[in-house]
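Note sheet for the following structure.
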Amino acid sequence: MTYCIAQIPQWLAEPGLTHFLVISAILFSLGLLAVLTRRNVIMVLMGIELLLNSANINFIAFARYTTLALDAHLIALFVIILAAAEAAIALAIVLNIYQQFSTVNVDEVSTLRE
Amino acid sequence: MDLYAFFFYFFAVLTVGSAFVVVFSRNIIYSAFALMFTFFGVAALYVLLYADFVAVTQLLVYVGGILVLIIFGVMLTTKVFSVEMKTGTLNLLPATLFTAIIAGMLIFVFSATDWNVVPDQEWDTTVYGIGALLVNEFILPMQVAGVLLLVAMIGAVMMAARDWTKLKSK
Amino acid sequence: MTSDTLIQFALYILFLPLLGFLLLIFFGKRLPRQGDWIATGILGVTLLLSLIILFVKLLSYPAETFISQFTWIDFGDVPFIGPISVELGIMLDNLSVIMLVVVTLVSFLVHVFSIGYMQGDVRYSRYFAYLGLFSFSMLGIVITHNFLMMYIFWELVGLSSYLLIGHWYEKKTASDAAKKAFIVNRIGDAGMFVGIMIIFVTFSTFTFEKIFDSIAVGTIPFGSEAWLTAAGILIFCGAIGKSAQFPLHTWLPDAMEGPTPVSALIHAATMVAAGVYLIARTFTIMTGDALMVITYIGLITAIIGAVIAITQFDIKKVLAYSTISQLGYMVMALGTGAFTAGFFHLVTHASFKAGLFLGSGSVIHAMHEALHKKHDHQTDPQDIRNMGGLKKKMPVTYLTFLIFTLAISGVPFTSGFLSKDEILAGTLGFASVTGHYLVPVLAFLVAGLTAFYMFRLLILTFHGDHADSSRENDIHESPGVMTIPLIIFAALSLWFFYSFNPFGASSGWFYAAIERPMSVVPSVVQPVAAEVFKDAVHHAHTLAMVLSILIAGLGILFAFVVYHFRRVDADRLKNAAGPLYDFSYNKLYFDEMYDRSVVGGTMGLSNLSKWFDDTIIDGIVNGSAAITRWWSAFTGRFDNVVIDGLVNFSAYFTGFIGLILRKFQTGKVQTYIVFVIFSIIVFFFIFRTL
Amino acid sequence: MELSILGIGILTWVVFLPVLGMIVVLLLPKENGLAIRATTAAATGLQLLLSIVIFMRFDRALLGINDPDSFQFVEMYRWISVDAVPWVGRIEINYFLGIDGLSVLMVILTALISFIGAISSWNIKRLEKGYFSLYLLLATGMMGVFVALDFFLFFVFWEVMLLPMYFLIGIWGGPRREYAAIKFFIYTFVGSVLMLIVMLALYFSVTYVDPTTGEKVHTFNILMMMDPANFEPGTVLYGVDTTWRYAAWILLFIGFAIKIPLFPFHTWLPDAHVEAPTPISVILAGVLLKMGTYGLLRISYPIFPDATVHYLYPMAILGVISIIYGALCAMAQKDFKKLIAYSSISHMGIVVLGMAALNTQGMVGAVLQMFNHGTITAMLFLIVGVVYDRTGKLGLYDFGGLANQMPKYTGVVMIAFFAALGLPGLSGFISELFSFLGAFDTFRTLAIISVSGIVLTAAYMLWTLQRVFLGALKEEHKTLPDLTTRELIAFVPLAIIVIFLGVYPAPAIDLMNASLSYLVEVVRTGGEFVIIP
């Protein structure tokens, strides 16, 4: 019993790679949930940003704890660049959608079906 | 529990908590602001991971750029001062279920895997290294990224500037 | 004159008509008189050349055979088989030089006749062009020295026959008849093709001479005499088709839809006789069994033709069935071994039957003009019931027609008597050697029937009074271009061209020139040996002559009694015969039988194939359609989207998946992502267990 | 023999000239229809010219088949070479072109039909630029298949041919074009997949020792695959008469049989033909079908001689079924184009029968029949196209009496129809004759049965002739114009070839006789050949 009690705090006390990964996993799931469930396109966009962030956390964590090193930093940077571009385009599209359909709810915009 | 662990848990809770708000808040404005805290938290986590340059970039781009864009988007497409601020959900049950499974899966994989961790290395600032890499090995991706940003910018302007109502009336 | 010159002449004879064909088909309409003089002139030249060849050959080289050949296709030394090469070439022996004269003569006279008969036709130049093509192909059959060329020209005469029968193709009956002629001939040709395949596979050559030599030294197909017999019979199939033998005789009466000169040239004198010529050419390799088959086929054909001819009223139909009957006679003669007699009959028959057809053409021409003058388009100008009494109006036609009729009936002092008498003697001799007495009995019966129905035709057409006296005055004798060929044919139907003795041809030049070739087949399957047969014929000869004169006389007498003097009422006879008359009048119901069985069967089979293709193989296989419907009912949300059952399971499966996926196509991005995630989860669990 | 222009081998020119044309077409403005058409005609015309040069310079005595030294106009470059991929070894794919007696006739046929097709594409109305660039790409793919000697390259060309065909049918076709295009695509693609499987199996089984480095290299070289010594012991396809080899042969056979198309795999053909625009039908029947039989002769026969010999009889049976079944189906059709499509099935059956005979006459007959069927069927489809262009109708009962109205046309029709039904004096006869003669040597009964096909062919061809051209002219057709000069340009060369080869086939037979005899020898010694009466 004492063995177990001693174990847990130590596991908690030293945040390592796994901790960051778990954080990123949670962020990922939350982002996914936003993407999946929200009707508002902008909320979906926010979810995507969360997803990208969680991926970035992974990269940086691996950079710190494995041999990936600076390469991972650069990849993270490119992801950020991508996110910026994506956000700009996506919002432009959202504006267009809004002007076209007067709504930004995805379930009402289903012309893709035809 | 040393200082590092403390900061880690603090920012971890900040990040995850505000992310929860982002996702579950019914008011989109709240979501947007909570997103800012998430980005902050992530930036702080980067710092904890010795990624100073990335952290700063995160702050500049996400908080300074993307978030502002998003908030603008919200303002432009939602009647801010009405009660209609609340946004609905769909597919809630299956989506939550799937997401839970995914989360479980991910966490299981991440924690069960025996990562090939190298012994703790102490780093100086990464700015110099990143700079060197950017103009050497990563020169092509950087150029491409630059072009991408340019294209995205022009494209966004073009799309956003098109006046639909006028087009329709014609 | 050397053999080289003869060969050269033969080549001219062969290719001049082709030249005429090409000239007329391309420039015919632009030439003066639409080029009929070119075609006729060319045939005149070929006739002259053939006569020269005939005289030179028979006088200077009676026993020699001239061959000239070149290698057409050379496969070289073929692995596992040995050297194979295909030679084409021409051969001049007594058989072919006589045939050359027959073909060019009839063709030339028919050309002359056609100038009058076809006057003002819509496709005048085309008609002469096709005649040229026919002459070319027919001459090719005559002078070839190998099976391949024989087959090639065999089919080409079929083509020209098709084109000429269908000359007036606006008429459905004409184009039907043309089609029928070609296809029925094709059936025979297919058999011949198989025969040639057997020969080629065994001997790796098509050349007659080489094949005969190989068989003589004992090489036979697949080492069995049965195959040799089969090869013989199969080659004879070609003759069955072309010479309108039973059971493929039905095309010939229909072929009378073509212009009458064409009937004279192709369907009486030359092309249909090609079958007989083929048997004569390949007589050397015919086994006894094959010859027996040939005999009986010929006999059956002779009887069928004669029986049907008795009751027909269309002047050309009567002649057509008489042609069938006479061809049967020739084939039978060759089958029994009366080689020279059979071939002799071919030659004599060519002139008098061509004459008969041209005479009928002359009559039809006159009738047609008369009817045309009265604007009568109802009355059939070919029906002998509408004729009668033409004797006075058309004396030349009548006289020549009378000579032809006497010839075909086998009355002494005609060429027909000479040849027919020899054939009957041959059958008697054959019967005395082999014991097949049915053959001579029926042959004599046919001779009697022939005399009867030919005189019936003559009497109904020319004697008595005209059926409609109002048009009698409009009927005139045909112009000179039409009567002169008739006179020439009539002259050729007399005895003295063939033998100075009017009661026996065996002393004439013809018998000297044509001799039965030696059989080369293995001795176990040899037909009756030539010497034995000759002896038997010699013994039977006098009997045959007496009998044949008697029987022909009887037939003629009977015809006069019934139709001229009307001592016996024809209708009473008809009623007495009852169903037999109907049977004969309806051509023994052969056409109906074939329509039901062969044509119907093939069409049925073809529709079955189409159904099989559309329904079973292709289309939406019933099962897959049913499953599709079940699936759509199950989902309840989709129309019956027809999965195109692309025959095999994989295609069906693809469609199936497509249907499922379609359900997921909601148009909402988020739903899609849900599916993506779902699949990720599935994959995760799959790979975890691995 | 070597022959190069501007330092580039003549075969490369022949293959890629259309691609050059395509580039020019793509650069032209899409309004300039005449220039686009002229470029297409020029590219295919030059291709034809070069193929005639090849015909002149071709050495008739060289054998080819499995002997790399006696192939002609050979070009070989290293195309893809990847060192040391894990568990694959060195990947080596060569750009390997060359022709022998088997392929030379097909090269000429392809160039000829491409040119004729380009001429008859003149009156394509819609989206000319797309049409003609796809058409040129198709021409390259077809030509490539016949000159490639590397299996991978062969496969690439095979697929290159497939895609333009799909679009050409799917966009420029008749009312049910999507259905037909998809059907064509799926059928052919299934064939490709089967071929791909065998190709990979062969690749992993065959090695050769690189003379420069001394290491063992896997290769796609078809000629290497023909040498049993090159098969690695223990690999899938090693040995003689093994189950795997039989299986591989069957897969390949199905792949090719779909293309031929042989009896149970043929239903894509009628649909594709009915929907395809006329020039595409011409190409489809004139060239594409030959790829199947060519593939069998080039790949299945010499690489798997044991399996080939083992399956000769079933193959011949399928051929006979195709002959008779195709003819019967053709007879029941009411649509002009469908009728011709089924007649193609019937005629290609003769090719298969001749090939299965496995002797020189049969093989020569088969390859000649491939060529002749190409020219004759091209004529037949052009003939259908002529009436379709003028009236928009295809039903056999919609016409009648055209012979009087359009005499030149009817003349051409006569030549084509009679050539198709195997009239002596026209080319179809020669090839059918030798196919049957060869088949009779090996399969006596089957050959006799198949001869009934020539009767059926005569029946449906003449029936069609009667229904469409004879009889009385319909009122609405009294103004139909006869052939135009452009149409005559398309018809006359084909008619001349059909007549010439019918009268004097030796030039064509000499081209391939040596190679095909050698192929027979190679295959017969590689397996246990028996004659089946």
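We just call them A, B, C and D in the order they show up, numbering each chain from 1.
We take it that a contact is a pair of C-beta atoms (placed from the backbone, for glycine too) under 8 Å apart; a residue touches a chain by one contact, two chains touch by 3 or more.
Not measured: the values here are computed from a predicted model.
Visitor: Using mean Cα positions, find the chain sitting nearest the overall protein centre.
Guide: Answer for the innermost chain: D.
Visitor: Measuring from the mean C-alpha position of chain A to the mean C-alpha position of chain C, what distance in angstrom results?
Guide: The answer is 90 Å.
Visitor: Quick one: report the Å distance separating chain B from chain D, using the average Cα coordinate of each chain.
Guide: 59
Visitor: How far is the middle of chain A from the middle of chain D, if each middle is the mean of its Cα atoms, in Å?
Guide: Taking the mean C-alpha position of each chain, the two centres sit 56 Å apart.
Visitor: When the C-alpha atoms of chain B and chain C are each averaged to a single point, how far apart are the two points in Å?
Guide: Computed value for the inter-centroid distance: 93 Å.
Visitor: Would you please write down the residue numbers of chain B that are in contact with two or more other chains?
Guide: Residues 90-91, 95, 98-99, 102 of chain B each touch two or more of the other chains.
Visitor: Give me the residues of chain A that touch two or more other chains.
Guide: In chain A, residues 32, 36-37, 107 touch at least two other chains, as defined above.
Visitor: Can you name every chain pair that touches?
Guide: Per the contact definition above, the touching pairs are A-B, A-C, B-C, C-D.
Visitor: In the complex, go through chain C and note every residue touching chain A.
Guide: Interface residues on chain C, with respect to chain A: 665-670, 673-674, 677.
Visitor: For a test of understanding, state which residues of chain C touch chain B in their complex under the given definition.
Guide: Contact set of chain C toward chain B: 670-671, 674, 677-678, 680-681, 684.
Visitor: Any idea which chain B residues touch chain A in the complex?
Guide: 1-2, 4-5, 8-9, 12, 15-16, 19-20, 22-23, 28, 31-32, 35, 38-39, 42, 45-46, 49-51, 53-54, 57-58, 61-62, 65-66, 69-70, 72-74, 76-78, 87-92, 95-96, 98-100, 102-103, 106-107, 110-111, 115-118, 126, 129-130, 133-134, 138, 141, 145, 148-149, 151-153, 155-160, 162, 164-165
Visitor: Considering only the defined contacts, which chain C positions touch chain D in the complex?
Guide: 72-76, 78-81, 84, 148, 151-153, 155-156, 159, 162, 166, 169-170, 172, 175-176, 178-179, 182-183, 186-187, 189-190, 193-194, 197-198, 200-201, 222, 602-603, 605-610, 613, 617-618, 644, 646-648, 650-651, 654
Visitor: Applying the document's contact rule, which stretches of chain A touch chain C when the two form their complex?
Guide: On the chain A side, the touching residues are 32, 35-37, 44, 106-107, 110-114.
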